[in-house]
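Below: one structure in structure tokens.
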Amino acid sequence: MDNKISVSNLNFFYGKAQALYDIALDIPEREVVAFIGPSGCGKSTFLRTLNRMNDTIPIARVDGNVIIDGENIYASGTDVVALRRKVGMVFQKSNPFPKSIFENVAYGIRINGIHSSKQDLNDRVEKALRDAALWNEVKDRLNTSAFGLSGGQQQRLCIARALAVQPEVILMDEPASALDPIATQKIEELVVELKRDYTIVIVTHNMHQASRVSDRTAFFMLGKLIEYNKTEKMFQNPDQKMTEDYITGRFG
Amino acid sequence: MDHRIIDQQLDVLRDKILLLGGATESAVQRAMQSLVERDSDLAKQVLEEDKIIDQMELEIDRLSIEILALQHPAAHDLRFVISVAKITPILERIADHAGSIADAALIINIEPLVKNYVDFPIMAQTATEMLRSALDAFTNEDAQLSREIIERDKEIDKSYKRVFNELLEMMIDNPAATTGAAHLLFVAKHLERIGDYVKDICELNVYLREAAFIKHSRLI
Amino acid sequence: MVNTIMTSLTAICAVFVTFLLLMIIGYIAVRGFSSISFAFLTETPKPVGEGGGIGNSILGSAIMTLLAAVIGMPVGIAAGVYLAEYGRNWYGNTIRFVADTLIGIPSIIIGIFVYTLVVLPMGRQSGLAGGLALAVIMIPIVARTTEEMIKLVPTAMREGALALGAPQWRVAWNIVLPAAASGIATGAMLAIARVTGETAPLLFTALNSRFYNYYLDQPMSSLTVQIFNYATGPFEVEHAMAWAATLILVGTILVINILVRTVTKRRH
């Protein structure tokens, strides 16, 4: 399996403060990779370098290589808009637009000019909602406000919205942390389903979630990558003592 | 931080299995003693105390499952709980074999003395020593010692063959001694089985230490 | 015990303020109501004793306020959007400072400024100059409130759009602006209410007129200036008309404010 994303020598700075130190890892295609680590360890910052979302922060500076499908996304002249279409993102707190359910999912399709006709648009919206396991719950109220949905449903709507632009990679930043256990379970099942077609990178502060859904896990501490291994190894017999201490709860 | 919720439970589990190990060791050692010294009262004691060993097994099973269900142990903690869960029934079976030896002693002790059990005590001693070492290796997570003990099982297998042949000859030469000799054959078999179980315990010790399963593989 | 005293004190203050406001409105109403009639609202001023009205003043105020809105709102909103979306640099900070200062400048100075730039070259006062002066007052207010309303739109919403491959201008246009729309509208309406009550800038720029005037290049009457004229005139009958005009003016401003409240309340 080829590497979809290949990171090397990645250093990240907020102004003068360094937040990521020399990160190197490869993310294979169509697998789920989980990033775990204590608060502030840099996992979300690192996730956001993969679709250049950190560009919105004026004092952020990236130094190093992030190669997706053979191209360095930090090379000058990179089409960031196209990058973000290819590498979608779902956020910690669901953030639907103040529009109807249909329009939320259609937004990405419209602005990227993907659809060929009104019927095509409708079909794509339906497909995205089905893929996000939300269609049956909303098919009769597509024109109602997205804010009428429950937290778990809103998050699935955000996933549908991301899927509608046909990304190849989906980045998820603690997608279930604001949800109750049943809604969380639905999101996890969805992740496992989606990995058949997409490469998924998920940041989670819940180690058990990482062990349940991911193929590989990367453990970060204080901006450094401590260990990156197949999940079954990580949780049964990790290489680094620090990793073992973290997953067995030995640090406060 | 070394005072996690799970640490207390792991400590209790460790204490319990060491107690079980000690009780099992004692059962094997005294069962053989009751045979060699022709002490039927001792044999009866061993049989009585087997019930206590069965209770301990149940407690350890319950506690290990509880830790797995509630505490989500990972890495070393997980391997520890799994090893305990797998070693416990092995110890209980060793104790059962000790009980069978005690049963045999009750019968043999009534019969006239068959031979002066030259190889028996050695076989019994090897088995008891191996068991003790295996339990030490478990406590210390000593994979090297465990591998050495696995090698020693070959000695027991050899002793068993010798004893088997000697007893067979005896039954042919001295038909009056057949009953006693037949029972002694079974005792030898029990000791050989105990050796095999100790080997299983050592394989689990290696798993605990190294996260590798060496069972059923020719290369150790 | 102390709690009760404090609660009572603060309640008394609140009641006092409300009372003051009601007194003012009530007094104006009482003094002005009797002079209001259809004729008053539609006729132009006539020589003392012959009646007349403020019809042309109402129209003049409406025209100039409209002109101010037509210029001031797009410019103000656009400036506000710029400041909120792209203005985190020294240039944006300078603009912000200038806007804040402008808001604090006495409106008569704005009037003098427009007088110099528009009235003098044109050779006469005009409705255009009046409208422009009002626009200059409106722009910084609208810009700053627009900026604040846009800043209130959660970053999460913007990030959601950016993550879908929307360029920044698009995020501003179809996600941020619609989300901030009612806030921006509120700000604009409040700015309109504010300029409706301005007198000083109109004094030099639009002057006043006794006639219905539809052309922007001529002096134009306005409610505020007319009130000033009537109130400072020597005749009692003029004073009565001043009260009535004041009632109309205050009534209009009150209605705009109430409208703003209702619209915002409905949103929540």
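A few notes on this one:
Order of writing sets the chain letters: A, B and C. Residues in each chain are counted from 1.
Keep this in mind: contacts are C-beta pairs under 8 Å (C-beta built on N, C-alpha and C of every residue); 3 or more make two chains touch, one makes a residue touch a chain.
Bear in mind that the values here come from a model prediction, so they are computed numbers and not experimental data.
Shared contact partners of chain A and chain C, listed by label: none present.
Taking the mean of all protein Cα atoms as the centre, the chain whose own Cα mean lies nearest is A.
A straight line joining the Cα centres of chain A and chain C is 48 Å long. The distance from the centre of chain B to the centre of chain C, with each centre set as the mean of the Cα atoms, comes to 96 Å.
If each chain is reduced to the centroid of its CA atoms, chain A and chain B end up 53 Å from each other. The part of chain B that touches chain A in the complex is made up of residues 1-2, 4, 6, 72-79, 211.
Residues of chain A touching chain C in their complex: 51, 53, 56, 58, 81-85, 88-89, 91, 93, 95-98, 107-108, 111-112, 158, 161-162, 165. Of all the residues in chain A, the ones that touch chain B in their complex are 207-208, 211, 235-238, 244, 247-252.
For chain C in complex with chain A, the touching residues are 88, 154, 156-167, 170, 174-175, 178-179.
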